[in-house]
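Look at the two complexes coming up: subunit A is in both, with subunit B in one and subunit C in the other.
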Partner chain A sequence: MDKQELMQRLKDEIIKQLKLEGTKPESIGDHDPLFVEGLGLDSIDALELIVLLQQEYKIKLNNAEQGQEVFRSVSTMADFILEHQAKQV
Partner chain B sequence: MSRIIKMGVAAAMEALKDAELPMPDAIVTGTAYGCLADTDAFLTRMVEFNEELLSPTSFIQSTHNTVGAQIALMLHCHHYNNTYVHRGSSFEAAVLDAQSLIEEGEAENILVGSVDEIIENSHTIISRFGIYKESESNKLLNSGTNGTMAGEGATFFVFSKNKETGSIAKLEDIKTYYKTNRKAENIIHNFLMENNVRVDNIDLIILGNNGDAKTDEHYNTVAQHLFGGKRLVGYKNYCGEYPTSSAFALWMAARMIEHGKKINDETSPKKILIYNNYKLKYPSLYLLSAC
Partner chain C sequence: MSPEDQLNITKSVIIRNNSIYVDGNIIYEYFKNDNFLNDSYESLDNNYPKFYKMDVLGKLGMLATHLLLKDSDIENHLPSDVGIVLSNSNSSLDADIRYFDSVKSFPSPALFVYTLPNIVTGEISIRYKLKGENAFFISQQFDADWLHFYISHLFQNNKINACIGGWIESINSDHDVCLFLTERKESKNGINFTAENLNNINSLGDDVSNILP
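Presenting the complex of A and B:
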């Protein structure tokens, strides 16, 4: 899966996991900030994203500070997942 | 936001809008089952993922006080907020608390309500007890067969200390019991005596019979012995049976008083008595009058 496909999938999964009713995948920009601005997610949503990574991509975040970087945008999430998958090969 | 939260929030906002009240002094809610859909999602996930990878949102929203909390969040209301979970008397507990707050001068305008929902799993489980009718009936209250109709609902009111411009009715009194040995006729008779009201003074009696032949006999006895079978209406043909359905009856009574709804071509009701006895364990009484 290339980055573009992964980002599309992530947008669908974020909407489903966070129950963002009324939000369409195309309205989430690849580089839009997920927290505060942009989607306006909060700390509970951050926990949901951690669960999403673990459940769908078998990736466990080792520390909370890592989350700030990883969950900055859909693009950074995709980079993190692809990097992790490359290491697994 | 799950369905029950939307139902509760919508009902609460309607009540506040009708009362032209931007901010209540307190929010008191009653629910028997709470947010079932989120509880179901959380527990299912717990089993499927072997107690790992649990969704925090489902957990948070599965708690019984979610609806009251969500209303407060939307209103930015930091005042008293309580939710009562007492099975068939959950709404009554909320009303009694609101009444106490007003009488003790703690609050003047209170948002009081109840929520309960049906979900697929709860319906399946409750159906196993034979509580619901197996075949459809468009004459629920006179079906003569066992079982009732599943119900759910969200009902909110604004209780005020003083009569306001938009006030639609006065709650004269409320009383609730749990597994009492006393006869229903005695309970109702005493309730009316305490309020200095004779049976003849009541324009309409709303009864909680639900079409289940096993429990309707109880209501039929009350209807015949105490009220002579007159001035009686049911309400569960509109909302079904659920633990906090008396809130719907209270809403219906208030609206009948407000709109002067005529029953059987008789005069518009000015004084209404509600008697519900959920599962014949939780008798509750409300006396409502025009204000």
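Presenting the complex of A and C:
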């Protein structure tokens, strides 16, 4: 799966996991901030994103600081997942 | 209590049997059987995206409070003067069961945060920026005497000048809500804040009220 496909899949998964009713995948920009501005997610949403990574991609975050970088945007999430998958090969 | 301290029930909302009543008048009926809460929210409120993330108690509280405070002059009261006193019989059991089910695969943080009954009072407080006294009581059934006693006590001790009170219950997709707004003010349409009048308000559409465990 290339980055573009992964970002599309992530947008669908984020909407479903976080119950963002009324939000369409195409309205989420690849580089839009996920928290505060942009999608306006909160701390519970951050925990749900951690669950999403663990459930769907078998990736565990090592620390909270890492989350701030990883969950900056859909693009940074995709980069992190691809990097992790490359290390597994 | 002096006459100027007269307490009035200035508005009421009942949600039961897939119907919603405001001040005794039916305003919404739902004839499908799949998604009463989301569909009624989208018809009557639809201005608070966090609604979709809430548990059933939270959604019922949001919907009923929106209707209770709509067109009211609640903003004339200081945020610290508006209390919230709610009750039910099953606590957060509905959310507890859903969370327990999620634990079997992967625990959901979003479900976990709703595994206390008083979360709905917090959700109402956040949306309407209310900062007054609040409480959530567990009783076997709608207890008008207790609600009247406790809310009156808050008024008498000058803790509040208005109060959102009542009953918010849901179990096995059966919803039962009786919310009332009590204010210390003259009101043309209001009725006296008494236990008897609370029971009268709660008797509307009474087939499934007071759901027992």
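Just so it is clear, the second predicted complex is superposed on the first by the 89 of 89 C-alpha atoms of A that agree within 3 Å, B and C clash if a C-alpha of one lies under 4 Å from a C-alpha of the other, contacts with A are read in each partner's own complex, and residues count from 1 in each chain.
Methods note: a residue touches a chain if its C-beta (ideal position, glycine included) is under 8 Å from a C-beta of that chain, and two chains touch if they have at least 3 such contacts.
None of the values given here were measured: they were computed from a predicted structure.
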*Which of the two partners, first being subunit B and second being subunit C, lies in contact with A:20: first, second, both, or neither?*
second
*Give one of first, second, both or neither to describe whether A:66 is in contact with subunit B, with subunit C, with both, or with none.*
neither
_Contact-wise, after the overlay, does A:47 reach subunit B, subunit C, both or neither (first, second, both, neither)?_
both
*Could you look at A:4 and tell me whether it touches subunit B, subunit C, both or neither (first, second, both, neither)?*
neither
*In the superposed view, which residues of subunit A touch subunit B and also subunit C?*
18-19, 21, 44-45, 47-48, 51, 54-55
*Please give the residue numbers of subunit C that touch subunit A in the complex, ascending.*
38, 49, 52-53, 106-110, 113
*asked:* List the residues on subunit B that touch subunit A in their complex, please.
replied: 1, 49, 53-57, 60
*Which of the residues in subunit A come into contact with subunit C in the complex?*
18-22, 44-45, 47-48, 51, 54-55
_Considering only the defined contacts, which subunit A positions touch subunit B in the complex?_
17-19, 21, 44-45, 47-48, 51, 54-55
